[in-house]
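Chain IDs A, B, C and D follow the sequence of writing; residue 1 opens each chain.
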Amino acid sequence: MDLYEYQGKELSRRYGIPVSEGRLATTPDEARAAAEELGGQVVVKAQVLTGGRGKAGGIKLAEGPDDARAKAEQILGLDIRGHVVRKLWIERASEIAKEYYLSITFDRGAKKPLLMLTTQGGIDIEEVAEKSPEALARLHVDPLEGFQPYQARRLIYGAGIDDPNEQKQVLALVGKLYEAFVGCDAMLCEVNPLIVTPQGEVKALDSKFSVDDNALYKHPEIAEMRDLDAAPAEERAAREKGVTYVKLDGEVGILGNGAGLVMSTLDVIALAGGRPANFCDLGGGGDAQGVVDALEVIGADPQVRSIFFNIFGGITRCDEVARGILQALDRMTIEHPIVVRLDGTNAEEGREILAEASPPNLHAEPTMLEAAGRAVEFAR
Amino acid sequence: MAIIVDNETRLVVQGLTGSEGSFHGTRNKRYGTNVVAGVTPGKGGQDVDGIPVFDTVADAVAETHANTSMIFVPARFAADAIYEAVDAGIRTVICIAEGLPAHEMLRIYAYIRPKGVTMLGPNCPGALSPGKANVGIIPAEIFSPGSIGLVSRSGTLTYQIGHELTQLGLGNSTIVGIGGDPIVGSSFVDVLEKFEADDETEYVVMVGEIGGEEEEKAARFIEAHMTKPVVAYIAGFTAPPGKTMGHAGAIISGSSGTAEAKKRALEACGVRVGTSPTEVARLAADVAGAHA
Amino acid sequence: MDLYEYQGKELSRRYGIPVSEGRLATTPDEARAAAEELGGQVVVKAQVLTGGRGKAGGIKLAEGPDDARAKAEQILGLDIRGHVVRKLWIERASEIAKEYYLSITFDRGAKKPLLMLTTQGGIDIEEVAEKSPEALARLHVDPLEGFQPYQARRLIYGAGIDDPNEQKQVLALVGKLYEAFVGCDAMLCEVNPLIVTPQGEVKALDSKFSVDDNALYKHPEIAEMRDLDAAPAEERAAREKGVTYVKLDGEVGILGNGAGLVMSTLDVIALAGGRPANFCDLGGGGDAQGVVDALEVIGADPQVRSIFFNIFGGITRCDEVARGILQALDRMTIEHPIVVRLDGTNAEEGREILAEASPPNLHAEPTMLEAAGRAVEFAR
Amino acid sequence: MAIIVDNETRLVVQGLTGSEGSFHGTRNKRYGTNVVAGVTPGKGGQDVDGIPVFDTVADAVAETHANTSMIFVPARFAADAIYEAVDAGIRTVICIAEGLPAHEMLRIYAYIRPKGVTMLGPNCPGALSPGKANVGIIPAEIFSPGSIGLVSRSGTLTYQIGHELTQLGLGNSTIVGIGGDPIVGSSFVDVLEKFEADDETEYVVMVGEIGGEEEEKAARFIEAHMTKPVVAYIAGFTAPPGKTMGHAGAIISGSSGTAEAKKRALEACGVRVGTSPTEVARLAADVAGAHA
């Protein structure tokens, strides 16, 4: 679960990481009031769960309350990489002498947290990693050892931070960020830029936190931060129904059980010359309600022209899925042709159930490849 | 011989009295797996379909000499269950349970690795050595005994490919689902190493997917260390960048970890890569035929 | 550093371990007031850093405020194994249905914390361990794994606690005690008895915490709990001067550098037929001030009849020690004969310095054995 | 060969620029120890008596191939220093620093043990292989090269016994101070094992003291695994029960851990125990004479 900048800063503050004071605003008037409270110059920052806000015009300096109101009006409603700005973070403006970059990520390959620090902050970290890898200090933390101050020192010397006053502040900050990383069950804690003010103060000017969904039960206060309105409407609907759904651009609606099989189904549709309309995983279930829920979500996509129902029974039993499909078709009207492929546990029984009922727009195929071809044909 | 589970397996099921634990535990037993014990705190002394239940894994090991554990407890008790198994002397842990926090799994991995414990999962379908033992939720009826080792990050995709192999008359030494979570107990390399050493395995089919770099590492391992032929399949060629496709493992970051990149890495190391489950099965049949 | 029961209970409470409500009292009137505040029956408990309080009459039930005052009068001033009672803990009386024992200790052999639980609490745990070892459930915790609930379950089943309601409470309590053990850098956390009330409530009726001196810098609030008045006066004086001193029963005062060498010196004195008056370790130092401080402490013991100064120079240089001795004798008057043995780094120079000055009551000997014999002779 | 430190030792001193670190570091160097580097954060680029100073141990290892570290930093930085050394690839850590919290040392021990790192201390005098290398604060002039391995929990007591050995014309292969703290990196058994395997060591003198059970474990190890003769000394026969005698290690609990109990345990395993430093030196001379 990704957090907004203002939420990440709230967590940062809890762990003692220095951030600027700010206020949340959802209207120009609130932005004005926030600027008034904060006093002086403020920065009006779009809160969206994507990068590139600055270039998209989502971050603006305001001279005072009225200016903040004006800037808020410009930013609210902006579409930044498909994310519409509905919230603003108004914060006291900082003078910036230097921009660094600091992050802790989950390195799945090494199976260890990875610390990264560079003095070339503010820009794309992949670019730094590629163009001047020696400028990016990297160090893994052994999870049993935990954070030790020497790790921060190695980063600091490695990145070439040589002012003792900065060193001291960054040393403390790395330790606190690691505490936050572990304490919040984060998969990513990124500070970009980590700034040094002309007065030599080190501060987190941005904050990107991503928290492990599986650990949210331990952190109800973070779980509550989830912005249900941030996801596209159809994905939201799917989530509410416990279905994993990702909207794509094509015409063949896809439904399967298991993420790997569904991904493979997408590929096979493409091989057959079609374009998948979505990724939709029923998971281990496949009962009538699950099928209804999934079909509702897929059917609501106006681009969909056919539906491919690809089930390989393991725990999921094909006869149950077949019954689920029939019940779903009873309860709702699906205009599109549905191609069904059933294999694995109780596949025979499942196919018989479907053959017996033989609903008009339902087409059974024996193999995944053949079924994919048929679904693509229907979508043409 | 086979790998991970076989005739030597003495299985304890942690969470045997739960609905999933009892369903799959008894199913594994009916398949012929030597299920010697179950563990559910507070239910010691009971039995499930003749399998004795103990309060602790230590008790189960002391009484039944269990050497392998299958974990079927709710996510928030799973880390505790894994530690309990390992500390009780269990050498192979197969964690079907899903939803373990990644930080917990990070610590578990670092803890068990130096002890030489073999772990599959979390969030994995288990391991099946046809004709010998089935530990987990893999539908055994799809598979037949044979000489192909099959290793995969995904459940149903594995069944699909196994099904295609069976239809071509090819059997398996062991089918291993390593699980799709960000941190799992065994990587492709770990399992390939075991297949290379296994005298019943002659060829290997590896089923990967987008995200991470485990397939790339496997490619380098195959080139450097494997004498047995390997064919591969990668799912997710059409997955758009930056979208999460269900498996936490299947997150693309930047250009690395794409299906295309993985395919190239594997082919560069001499591994033939199929573009559909059907094609990879045919490749496997080719290889088997060529070596037959 | 050992803590009093009331301090251990304060820490227990912080970690969520259930304890009875109570008040500290140092006079009978305070005890009366405490009993009044608490209401009902109270227990008046001597606060001393030793066991066996109950048998020594240091724990008494009081029916109400007046009775509490009377009981406090009886207990204050008691000598319990050499510890004079100066503080009382007045706590609400508990009904006791069962008495268990729970502890976490530092197992130096296994290099792991050791959990122990038995339903045979309230008495000497060594007795249980010896007479019915099967009743004492023991389990080590791997320090990298940390506490896991299964460990508590193994203890609970191992000790034979079979009431589910008790199991649940003990499970939680073991986890909290382990948190306290790690969180306070404790060397020992012991609850004896851990009681079950007739209503089925599990509660810590006593509390014994011992905290690692080396870790006190992390826990200033625990460091402040040290009762400077609890140690014998001479040990207190030594501590203030940074000298490690333990009072013993004999006549030969002993001073040396390094705990091992001093212990060995005690043994050699005994072999020579004498009795050591103390253990006194100068540590790595040995400068004049250290020698003065140590001699002052040793000289203040009226039992001392001779002093054996046994130095083996390593980091400590014998010439410095010799100068220290001379300066000390300048600054203070020591009546007793002093036998000095110097060896190791700069021993020659040290011996020459002493020979040159040759103070009247100072006797140099070439070896540890000869010096010990001489010191014992002088003490006769 | 000798053990722990020898001609192969390439020493980095953590805390070299401090007063104690520089005093003993340069002293060790003058003895002939190959002191290749010092580490003090923020002082990289300086030198101490010609020994280059680095900001991190990783830098020192990269530049100088240091393989052994001596730790001379204040107690509250010592755990960090140990982790830094081990993670930088140092294989032998000698921690002279004292005052480490026991819980920290507990975690360090569990962390470094599976990595095969050799650690002495904390709160130890170090190790000296006469004529080869001296790492720590042991006064080398007391000792001469020879075939007796000497291992001890105590500093000055070791010097005393070494002195007595030297006066009897006996030399040492290596003198090892394991430290007196509750948890130290190497036990008697660890060091005895190394002496048994060392071709320069022919006899061993072990110097124990009251508290703990390490001497008892050593006794069992000697009986089961050692071919070389061992004589022992135990300090603290007159220490009263329940009193702390300076070393945290020297706390008596119950009847176990007393000097008398340790003596009996050792004698039961065929180890002769002297009652004074002088007597143990004579016993060693006897043994050496008998084997000469």
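By definition in this document, a contact is a pair of C-beta atoms (placed from the backbone, for glycine too) under 8 Å apart; a residue touches a chain by one contact, two chains touch by 3 or more.
No experiment lies behind these values; they were computed from the predicted model shown.
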Count the smallest number of chain-to-chain hops linking chain A with chain C, moving only between touching chains. 2
Taking CA centroids for every chain, report which one is farthest away from chain D. A
Of A-D and A-B, the pair with more C-beta contacts is A-B
Taking each chain's centre as the mean of its CA atoms, how far is chain B from chain C in angstrom? 54
Roughly how many whole angstrom separate the Cα centroids of chain B and chain D? 47
Mean-CA-position distance for chain B and chain A (Å): 28
Hey, what residues on chain B touch two or more of the other chains? 107, 110-111
Can you list the chain A residues in contact with two or more other chains? 142, 144
Interfacial residue positions of chain A with respect to chain D in the complex: 142, 144-145, 148-150, 153-154, 157, 164, 167
Touching chain A in the complex: which residues of chain D? 41-42, 44, 55-59, 77, 79-81, 83-84, 87, 107, 110-111
Sites on chain B touched by chain A in the complex: 75-76, 99-104, 106-107, 109-111, 125, 137-139, 141-142, 152-160, 163, 180, 182-183, 207, 209-210, 212-214, 217, 233, 235-240, 243-250, 254, 259, 275-278
Which part of chain A faces chain B closely enough to touch in the complex? 106, 108-109, 111-113, 126, 142-144, 182, 185, 187, 212-215, 217-218, 244, 246, 248, 256-264, 266-271, 276, 279, 281, 312-316, 343-345, 367-369
